[in-house]
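Chain IDs A, B, C and D follow the sequence of writing; residue 1 opens each chain.
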Amino acid sequence: MSVAELPTIGPRDDRLADVGRLVVRCPDRPGIVAAVSGLMAAVGANITDSQQHSSDPSGGTFFLRLEFFLADLAGRWAELEQRLAALAGEFGMTWRLTEAAHRPRLAVFVSRTDHVLQELIYRVRSGDLRAELAAVVSNHPDLEPVARAAGIPFHHVAVTADTKAEAEAAALALIGDVDLVVLARYMQIVSADFCARFPERLINIHHSFLPAFVGANPYQAAHDRGVKLIGATAHYVTPELDAGPIIEQEVARIDHRATVEDMRRIGRYVERQVLAQAVTWHVEDRVIVDGAKTIVFA
Amino acid sequence: MSVAELPTIGPRDDRLADVGRLVVRCPDRPGIVAAVSGLMAAVGANITDSQQHSSDPSGGTFFLRLEFFLADLAGRWAELEQRLAALAGEFGMTWRLTEAAHRPRLAVFVSRTDHVLQELIYRVRSGDLRAELAAVVSNHPDLEPVARAAGIPFHHVAVTADTKAEAEAAALALIGDVDLVVLARYMQIVSADFCARFPERLINIHHSFLPAFVGANPYQAAHDRGVKLIGATAHYVTPELDAGPIIEQEVARIDHRATVEDMRRIGRYVERQVLAQAVTWHVEDRVIVDGAKTIVFA
Amino acid sequence: MSVAELPTIGPRDDRLADVGRLVVRCPDRPGIVAAVSGLMAAVGANITDSQQHSSDPSGGTFFLRLEFFLADLAGRWAELEQRLAALAGEFGMTWRLTEAAHRPRLAVFVSRTDHVLQELIYRVRSGDLRAELAAVVSNHPDLEPVARAAGIPFHHVAVTADTKAEAEAAALALIGDVDLVVLARYMQIVSADFCARFPERLINIHHSFLPAFVGANPYQAAHDRGVKLIGATAHYVTPELDAGPIIEQEVARIDHRATVEDMRRIGRYVERQVLAQAVTWHVEDRVIVDGAKTIVFA
Amino acid sequence: MSVAELPTIGPRDDRLADVGRLVVRCPDRPGIVAAVSGLMAAVGANITDSQQHSSDPSGGTFFLRLEFFLADLAGRWAELEQRLAALAGEFGMTWRLTEAAHRPRLAVFVSRTDHVLQELIYRVRSGDLRAELAAVVSNHPDLEPVARAAGIPFHHVAVTADTKAEAEAAALALIGDVDLVVLARYMQIVSADFCARFPERLINIHHSFLPAFVGANPYQAAHDRGVKLIGATAHYVTPELDAGPIIEQEVARIDHRATVEDMRRIGRYVERQVLAQAVTWHVEDRVIVDGAKTIVFA
């Protein structure tokens, strides 16, 4: 999959109108940075942030993320794309150019618990997460008031084992074009077809420190094992359950007094933090999938 | 197993001569604290620290740890034991009474890496770990200079798949009576017989966040999975590998730049901290095993 | 000041109807725990949690917090108070007996930023903070919609240097009887008279790691000093600015890239966590003021 | 001060013989990265790590740190320096080119506590800190055995208020040429002259979370204030006490039970971690002083 193929849909923010971001991936070899930064200098862009990574300095893959300021970015866009396309041919690059002002459209899938959804709503409102919450989808009606109060369209799509395919089709029709789907404690396993619709654009929060405690009741499992830390993991979703590339993980300390219910309660604060962080990094083009792993230019 | 049966062997520290510790476990019911604290008041002891836990307030097990000051503790010891034995009969208690001045004897099993051993040596010398390092046993000769420099007897006991039983027997003979055996990155699986010799007195450091990445090469496994945190787990050893009651866990953050070797290097600092903390808590009678878990009165 | 004098006002929660909490403070001496736990056993209460602290084992102040279950707690209340009063006379105790079911009434003072208020609203709704948000007071009208959406009465009370006394009087009249006043990024210094109205019942969040960076613009000061961690401090308010007993502190890591605005943004997440934690501990009778410090039975 | 002026003294490690590091500072403007990476590509160097920072994208200072592989680095050194000097003239750069194989010489100043010194010794031995401990200097004889056991020359230089100048002169003569001086809980204030001898090459560990609790007894001050976190700060030393640029800070959680002595004990583990981390970053050319602050390319 090419990072250059990721779509960009949704409203823009004119305050950042002349800030651009470039994400590049290509086979590693000397001269890549010189070529890319030379291109940027040639068009008059000022690079304000640059991060890079070589998966293996002796001949692996090279990853680069730039933020830059370029006066009249919109007017220069076609030229920039043209030059990048030429360079990409030379170095075998996949690349993605985005405007920082662009606000990606997010669909959030939930079930009955609202802590992660509330956090996403808060962060969008506060401006800490630059995105548009385009739709909330749930297999239960409970959280409709939360979505409505935030002015987000809410879609109740019931799911049973027999109707998963129809339900997913219905949900897809309802949410329309979105840049990212977030499973915010959505207690359903999505199909492989659904995953395939959102390659590297489908993020889940798993309520444990993966790969420990995969499955449906990780806090009970953690309690039974007597762990001293509980965790949460945000990851891209792939057809293999709980096995997609990890974006972010965090833990919280518990002690022997913690019941399963205490662990769920404490875990909610870890989950909302981890998922919101992962979504923010994704939205800011800071996450690049590299096989089974991620590179996060935080 | 009864906490009252744990042996106490080794030298004493006269500065803490009149400080005692009592650890109690019994079926939960009203009146336990009143009875124990009444006994303490009756003998004139001043309770300076008290922690308790009910596994299930509606009828589980009750756990209590007291620290107390009692003038002429040694002279009053027999009386205290007699009174506690009487109370224990009434409440169905197992109990353990220790002098804070007692310094437990530790045997440390290592292989080739010294970071955990060095930390234990430092903490004993600094007084932060009140114990005596009675012996270092290794299946390799590499760390003999480290042990010798610290004035600790070193025993090289080679182990092969065919000679495990003899090797363990030889090691046991060499270390003599010890209160606790610490597996400080000892790269051998000890036998069920060996475990049975040290019930709740055999602590291992596992170089991952258990139960993730059991087995011999957890950092490689963590690297392959692309985790964002690596961890270490100190646990009591039971015959089932990596499944004994967890005493302490900690994690460290890594990012996509970390190689397996980086993870090993960072992990060493987590391992030494976690193991040293677990051993210290054990030595201070702060850890009580409750089935597959531990209660830690930290 | 006596902990026994703290008022209890507001609605009750019948699910916890028979759970009580006792907080005791008295001169330290042998026999206190025996006496208190004996009293509890005598009335048939089952102590489910107990924490204690001696400020100085050789003759300081003793602090105790108990949670207990007692069937028909309401019906037994008068008897319990009578017995405690008798014991208190003997030991020189101040004490406070509360029902866990009681939901204290909180007044929250804000200015223009809503992150801490939003967090309190979320925690009350989720049940993690057992309290009633009785009123929001602000010197600006901005957050009225936030309060209204949560069903909390909102009072706009403008304040100028010349009208502080009248403004505080007006605010007091508007909020009525409350158990606790929370200054949730209220950008006004309250008067000594106001502090005196809420002894140990007035909590502020200061947006720095006190005692560093007292005053009005701590993030700018932290930025100027080039710190690598920023923090927040929840404390009881006393007439001396930013000097009251600290309840909770937390930090977040930053690096050289952080602007003052980044620090404010990151700091908001630390502030909401620290303030919400402190308020929760207070509401659960876990905080005892001991001179210039607090004891927190977390 | 120019980063290019920092001296490089001491033994080399041939395993890293062809790895170089370049640190650059200059007025920000478009084209710097293109020029530097173009130079690197021109000589055939493969950039394996690159980090950069703009103090103010609209016209401040630009900072860059590169790690690169260049076959026969030693043989190409003169050419590289020549090219960099030319580029530096064009962009107004100060720059520093080092071999990763170079092991800087460190002098460690201590008084009576050994925890930080022990940590430095451990990290050098383990290879985690690539440096040579060239000398230990102390105003007390206590730690001579620690230094001797590690094979490090130990110099006892007594200091009184009247003899500070002579003592510093004597210490300077004894340690000879060193790259870095580390004050590892050295309980003396060094003179402004001494500071001037080691600009940006003199690191101290302060046992508090600066700027809180400057001065000689910060743990007592922290105890008196009732803080819930204690910290340590590693910073470059300037003539103004405890005011130099901060390199690293860390905290540890305490509670109301902590005595001043407990805080000292817990603090030792924070101090050794913070100081060792700061020294490692310095030795790896990851720290750049920017006025009163540092940029740390960790």
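Throughout what follows, a contact is a pair of C-beta atoms (placed from the backbone, for glycine too) under 8 Å apart; a residue touches a chain by one contact, two chains touch by 3 or more.
Because the structure is a prediction, the values reported are computed rather than measured.
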item	value
Copies chain C and chain D touch via same or different residues, half shared test	same
Furthest chain, CA centroid comparison against chain A	B
Chain centre separation in whole Å, for chain D relative to chain C (CA means)	42
Inter-chain centre distance, chain A versus chain D - centres from mean C-alpha coordinates, in Å	37
Chain C, residues touching no fewer than two other chains	257
In the complex, chain D residues that touch chain C	53, 209-213, 224-229, 231, 245-251, 255-257, 290, 292-296, 298
Residue ranges of chain C touching chain B (in the complex, touch as defined)	28-31, 33-34, 37-38, 40-41, 44-52, 54, 57, 69
Sites on chain D touched by chain B in the complex	49, 115, 118, 122, 126, 128, 149, 265, 268-269, 273
